[in-house]
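As written, the chain order gives the labels A, B, C and D, with residue 1 at the start of each chain.
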Amino acid sequence: MTDVKGFFYPRSSQGSSSIIPNPPWFYSGDLLTVEYRTNPERVAELLPAPLELAPEDPGAVALIWADWQSCSSSREELLDPVRSQYKEAFVVVRCSFQGRIFSRCVYIWVDKDFAIARGLHQGYPKKLGTMWQTRPHAFPQASPRIAPGGVFGATLAAGDRRLAEAVVTLREESPTNGFVNGHPMAHHRIYPGIASGAPDAYAELISSGAADFEGGPSWKGDVDVKLFESPTEELDRLEVDEVIGGYFRQVGVRWDGGATLATRSEAGWDAAAVSA
Amino acid sequence: MTDVKGFFYPRSSQGSSSIIPNPPWFYSGDLLTVEYRTNPERVAELLPAPLELAPEDPGAVALIWADWQSCSSSREELLDPVRSQYKEAFVVVRCSFQGRIFSRCVYIWVDKDFAIARGLHQGYPKKLGTMWQTRPHAFPQASPRIAPGGVFGATLAAGDRRLAEAVVTLREESPTNGFVNGHPMAHHRIYPGIASGAPDAYAELISSGAADFEGGPSWKGDVDVKLFESPTEELDRLEVDEVIGGYFRQVGVRWDGGATLATRSEAGWDAAAVSA
Amino acid sequence: MTDVKGFFYPRSSQGSSSIIPNPPWFYSGDLLTVEYRTNPERVAELLPAPLELAPEDPGAVALIWADWQSCSSSREELLDPVRSQYKEAFVVVRCSFQGRIFSRCVYIWVDKDFAIARGLHQGYPKKLGTMWQTRPHAFPQASPRIAPGGVFGATLAAGDRRLAEAVVTLREESPTNGFVNGHPMAHHRIYPGIASGAPDAYAELISSGAADFEGGPSWKGDVDVKLFESPTEELDRLEVDEVIGGYFRQVGVRWDGGATLATRSEAGWDAAAVSA
Amino acid sequence: MTDVKGFFYPRSSQGSSSIIPNPPWFYSGDLLTVEYRTNPERVAELLPAPLELAPEDPGAVALIWADWQSCSSSREELLDPVRSQYKEAFVVVRCSFQGRIFSRCVYIWVDKDFAIARGLHQGYPKKLGTMWQTRPHAFPQASPRIAPGGVFGATLAAGDRRLAEAVVTLREESPTNGFVNGHPMAHHRIYPGIASGAPDAYAELISSGAADFEGGPSWKGDVDVKLFESPTEELDRLEVDEVIGGYFRQVGVRWDGGATLATRSEAGWDAAAVSA
């Protein structure tokens, strides 16, 4: 029997064709976050069993843009940056499972296939999109400063339609980078059954978060944010009822796996013995 | 409990955000196929358990470019063609499982996220790439005819590197469009375990093929084909030892699910009771 | 002195690096055309000296999508189709110069650099965009037929914003493919002066059209068309007041240069002695 | 007569559709430079009249990657960064005109249409390509430091082929960022004649450079560089005979026009009265 190698597909004899390498994975990047409140019913409708609404501030939403450089332990991707750099925009809400609070990414768009594949593994529901966010730079000729008055814009499009845009004007350093994306993630990993009309062949609720995390100062500021409709998205159902704040932070992250929270059998969801 | 909808992720309240709609899926497209022989050991090393080499002509390989328009039963994607048109290039070998012969896609590149997601469901190990193939057209000013002497080129690149290119010069109609991709597909569907270093959380061997198929005349012709090396691919290990032939065919396809061939438990692979 | 070679930049010792090869250029493609009437003042405001409004039906506009395969006399681009295939969407109005009627492209988006460069030469004001149009195919599983009831959609986006979309439902063969794009083109070729605030360094009014043209049957049909606003476009100023019709046609074209209609000196525009 | 507005095409009634806004243009970005020597004959063959080889070190070449954020005086592009951010890779040599030394960009690839249009104005022979260069970041998890041992990679591809790649390992601060790209640029601006086989309709030799320039420390380091062949490029004719050095620098630039060095009449090149 052949022993094919590779963390994920396509597995091969040498293991170098896998769409993603073995974890741990490393990230350096800039986060632009917009937090706001929507109708909690619109959050609840995105939380399948066995998840429930968070008990406090259940309608809080974070819309986050991230501009990443990433690599595996070999760091070889950094020297061929088409394999290293990517951008993403994602929407996070909070939820509750067995009395614990989790963050949960309900929508996410990225611009590289390796990012899609990492998302599959981690339970992020990634599609392709085009994301842009203003970059800080050492010289201000065409760049904001990370300082009071610094203005950062961000846009998201998919399927040749603009889905969201935001402008954050920094005002002051902040003790937090927001609170919605601050918990371990609770994500479903699913595989539809292969037979026509079959139920899911596989469903698992997992938890994961950064194995290591470093961050610079968080900045808070004013926000202008717009969501647009699209026939293939439901992002605009999470209407902006009240802006909480806008944030900017530079971070470094190591990710190295997660834990099963629950698996689904024919009888329903069974909580895992090993907690996250 | 919330009942989220959608064939695949992200599942939502309306079901319109799913990266792919419910099958059946429909396809109209052009196939440019290059068949050749490589060292059978190079095919064997890509066949994990419980698969084995095909008994006859085990080193046969098909390198196929396809230029597709596709849609769901609603046909709405056809009117917003960014959601409908995509290109792909893929590599097919044959294998044997329980005495039956299957085709198997070992490498594949596409240029849309919905194609990646359909591939996840069907077990095609899809990455993003850029594929081009010459199109036939009613007017020959800048187009070959589907006729003797018609010349069709095709290229494949990924990660900003060219991986393969081929030129097929049509000579005559052919009773077949090749034989390597002519069987039901046998594909693994896998999900790596979420914990660091864990074994696969899920592994299934499935079979699928067209639920309905229509095809125009097959054309056969001369072939010039080249494979190039890349640090993230192993395509060039399938060296071209002997060209079998080049083919061109226009086809229409309906796909509507497949069947489980085997599932993996801790004890190994268990053949499914339901055959494909 | 060095004799650099190449039709356009960058000129080099071998002439193979030019962004476009020597004309003639050859095209095979499908045209989806939407004709409508807007306020003639909105057309007039896009006609700089020495052009004037067309005397009859001056508010007629054609919004055209084209899906092209193209090549030079060598036809080598057809075998490396990344250099051959491109899509475009463009807006045509009519105008009058010295008593003759011309067509004029006022806005155009393409998806390849060689198409931008050909446009510079021909006076088409090309930007990059993403264009999609439904393709006819021999098999109808995921394709309309070129026949009564055949439905073709088309979309245009640039800068991550959708700018236009149309759906044309074919009803019957038509004696014409519309009339707005049926004249020789009258285009300005301009080069802004290099000094800060300087007037144009070069301005020329040229005429060009197909050196040879072949076309299949024209089809006419019903139209649904929408234009969207963008901060970097003025397409939506050409509001759709009344739809004239929608058309589909497959064509083959050879283009081999044009003629100078007028050049601008400090005294104004001087009509050229050689007519188009 | 209509007074259309806009710095460059398409000119329109409001002036907002121009592919580029009025200068001045502002830039913040990172430069990764590889300098090397090639056979001076290969440089000379890229210098058309009235330019000549630089008298000292005439075979020196700079291969430069730049990762830019850019804007006009309004700075509005910074908040819609799809209109602001772009990457480029370009090749610079030196030349002599009337006894003065100039830098000259002989090949350049960018990834946005506004960058192509700015290049047309400035005489940079821009094509589309895909360029990547490692980014420094505040956190080193997936990023080099701008410090001894910091490793930066860069790649260039066009037409689905990789054209160049380099790795620079920083060793120490440097008094210069190299010398090849340190002079005002001498560029041709050309417009081929519209008639078939006609000579150029317009040809001008211009000079331009930064109106204002700020730069951080320059870093020098070791270089690994490779050039690859392509049927549509002649970059690989500029063979790397001897590496001079690799450099990294962050800069801020304002550009506000240039000056005509010479114009071409039927009698040849006429030097302009106004010097750069």
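Side notes on the structure shown:
Note that a contact is a pair of C-beta atoms (placed from the backbone, for glycine too) under 8 Å apart; a residue touches a chain by one contact, two chains touch by 3 or more.
Remember, predicted model here, so these are calculated numbers, not experimental data.
Chains that count as touching both subunit A and subunit C, per the definition above, are B, D. Two copies of one chain, subunit A and subunit B, touch each other, and the residues they use overlap strongly: the shared fraction of interface numbers exceeds half. Greatest Cα centroid separation from subunit A: this falls to C. Comparing each option in C-D, A-C or B-C with A-D by residue number, the pair that reproduces over half of the contacts is B-C. Each of B-D and B-C has its own count of C-beta contacts, and the greater count is at B-C. Subunit A and subunit B, compared by their mean Cα positions, are separated by 30 Å. For the pair subunit B and subunit D, the distance between C-alpha centroids works out to 41 Å. Subunit C has its Cα centroid 36 Å from the Cα centroid of subunit B. For subunit B, residues that reach two or more other chains under the stated contact definition are 80, 82, 130, 132, 155, 160.
Residues 26-29, 68-71, 75, 78-82, 84-85, 130, 132-135, 137-144, 151, 153-155, 165, 167, 212, 214-216, 250-254 of subunit A touch subunit D in their complex.
Those residues of subunit A lying in contact with subunit B across their complex are 1-4, 7-14, 16-17, 19, 23-24, 42, 44-50, 76, 80, 82-83, 106-108, 112-113, 116, 120-123, 125, 127-128, 159-160, 188-192, 194-198, 201-202, 204, 206, 208, 231-235, 237, 256-260, 274. On subunit B, the positions that touch subunit D within their shared complex are 130, 132, 155, 157, 160-162.
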